[in-house]
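Heads up, there are several structures right after this.
Okay, so subunit A shows up in both of these, paired with subunit B first and subunit C after.
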Partner chain A sequence: MLKPRALSDVLSQANTGGIGSTLLLNSEGSLLAFSGFGDKDASAAGAIASNIWTSFQKSGQLSLDDNKLDCVLVECKLGKIAITKVANLLLCLCSEDGVSFGMLKTKITALSSYLEEPLSQIASS
Partner chain B sequence: MKKKVLLMGKSGSGKTSMRSIIFANYIARDTRRLGATIDVEHSHVRFLGNLVLNLWDCGGQEAFMENYFASQRDNIFRNVEVLIYVFDVESRELEKDIHYYQSCLEAILQNSPEAKVFCLIHKMDLVQDDQREIIFQERQEDLKRLSKPLECTCFATSIWDETLYKAWSSIVYQLIPNVSQLEENLSNFATILDADEVLLFEKATFLVISYTERIQHRDVHRFEKISNIIKQFKLSCSKIGASFESMEVRNSSFAAFIETFTSNMVVMVVMSDTSIPSAATQLNIKSARKHFEKLEIPMGPQRGMGAMTAK
Partner chain C sequence: MEKTLEKHMEEAFRIPGVSGVICTENSGLCLASQGNVSDQYSGSISALANQAARLCPTQNSPAPIIVLESEYGSLLIKKTDNITTAVFKSS
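And then the complex of A and B:
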């Protein structure tokens, strides 16, 4: 089972050096845990991120015959977003513009490998 | 596992109505069409999977009552787990009611001395609001005194509000064999979830069978109120052919999740930390299901269990 507050704490560890918020979504796009959103709506961001991921995965399936999407990096006007798959969930990091993609990718890879085992246990239960 | 429950009381005191509402999905209004029970009506109610409540709804007309104490005495009063005696609060024949009650107690003492006795002071809706507590306390005192050496637990009930659920929840709670194990597990569950409280309801009757409270709440009657409300909602759903599965209630101060939990139980989780997303709690409830399924009363030898007989 998930301890919601503990999970939030783990996610907040990524929120340094320009990375503003982190979220964990389930396969349906609903928010499972988040950290760092302040008073902004995390669920909207989650829904958008989940949507982006699914569209890329589907197009990859169609055009490249490969649905093993690893990571999606998005450059927006006011920041950057990284999305990746952890167990059967989606992990999403949102940063300001000043953060480089390399750093973003490194952080998301580190966090996802850390969360992979515990979250797989929950997924399989 | 069969447990025998005797439902006794004077004619017209409300025994069959109560039974119909709790076990046969009647709403209070439907009970108007119930007639007098002839002799004893037996019903086997499946509760929590493998517990079968063998309900003896004994007709209260004098002729039958006399019979119970005479020729049917052993048959009726043997192997009783619970005796529920219903008193009509408006009865004009208090002396007679007490007399019959005491005869029951005598028979119980002889045949099933370990039985638990519950006295329901029923039809409290007919008593004025401000009088209710006083009248109930009076009756309770009398009954406790008259019941000695047996102990009786008294409840004020009415089919028109949640008090019926409170009484029956308490009664049924006594019959569940592994209740403390359930509560321990529920308590661990609540701690992991960070929930304020977690309740377990029996699926068909919506009686509260177990609960754990991490944060105190000021309304002590909330459980039966919830039972009443959700049961009514569930019945309305069935009327339009839908079966109740789950409900999420959320506002700025709390989030409550009511979900079908195991094949026989419904769980209600109340969280006051509204920042925890619903999906997390629902995921946890899903993960805990298997564990609680195992806790349900272990499978005993299967015998042909009759379905619930309803009027």
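And then the complex of A and C:
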């Protein structure tokens, strides 16, 4: 079984150097696990992130005939977010504006590789 | 997660004559920078490293070190594994 505490600990490892929160969502955008500073907007952020991911995936399928979306990086006025898929779930990193896209992408890639196997086992069971 | 990278970059930045250090990942996105370096250089630096690697005579030879020199200073670029590092030196 998956230990929620251990999962939160893994997610919290990314919360350094300007990254404010790490979210694990299901495909509908519901929050499964969260680690970060101040969780008042986490559910809303998760729902928006899921919506963005679904939109881009549909767009890629329609225009490029490719549904293998790897990563979405978004730059907003007050910060940046990165979204990627892990097993059948979504992983989202929210950061402040000063964090570089390269660091954001490297962290989300590292985290998704680490979580891919255990979350795939849960998804398939 | 990024503490080791930042530590090494600070060490490199402290070397006399070094005015900036920047690291980029495979796609050319900036990982981290120190000193007087714009994040927007990262794409060009990564592209230069990739192009130079294609000029190497053998496939298995280590990635080349690129040196750009001008009257204002020099720039050294090297790719290792998935990270390309550039060091700006002022003359």
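Throughout what follows, the second predicted complex is superposed on the first by the 123 of 125 C-alpha atoms of A that agree within 3 Å, B and C clash if a C-alpha of one lies under 4 Å from a C-alpha of the other, contacts with A are read in each partner's own complex, and residues count from 1 in each chain.
The rule is short, and it goes like this: a contact is a pair of C-beta atoms (placed from the backbone, for glycine too) under 8 Å apart; a residue touches a chain by one contact, two chains touch by 3 or more.
Because the structure is a prediction, the values reported are computed rather than measured.
*Asks:* Identify the partner contact of A:Ile81: answer first if only subunit B is touched, second if only subunit C is, both if each is, neither if none is.
*Replies:* neither
*Asks:* If you stack the two complexes on chain A, which partner ends up touching A:Ser43: first (subunit B), second (subunit C), both, or neither?
*Replies:* First partner only.
*Asks:* Which partner does A:Leu32 contact after superposing on A: first (subunit B), second (subunit C), both, neither?
*Replies:* A:Leu32: touches subunit B, not subunit C.
*Asks:* A:Gly102 contacts which: subunit B (first), subunit C (second), both, neither?
*Replies:* second
*Asks:* Which one hits more subunit A residues, subunit B or subunit C?
*Replies:* When the residues of subunit A touched by each partner are counted, B comes out ahead.
*Asks:* How about subunit B: which of its residues touch subunit A in the complex?
*Replies:* Its residues touching subunit A are 192-194, 273, 276-281, 283-284, 287-288, 290.
*Asks:* Under the stated contact criterion, what part of subunit A meets subunit B in this complex?
*Replies:* 1-5, 7, 26, 28, 30-34, 42-43, 122, 125
*Asks:* In the complex of these two chains, what residues of subunit A are touching subunit C?
*Replies:* 13-14, 16-17, 100-103, 105-107, 110
*Asks:* Where on subunit C is subunit A touching in the complex?
*Replies:* Within the complex, subunit C touches subunit A at residues 1-3, 6, 23-25, 27, 29-33, 39, 42.
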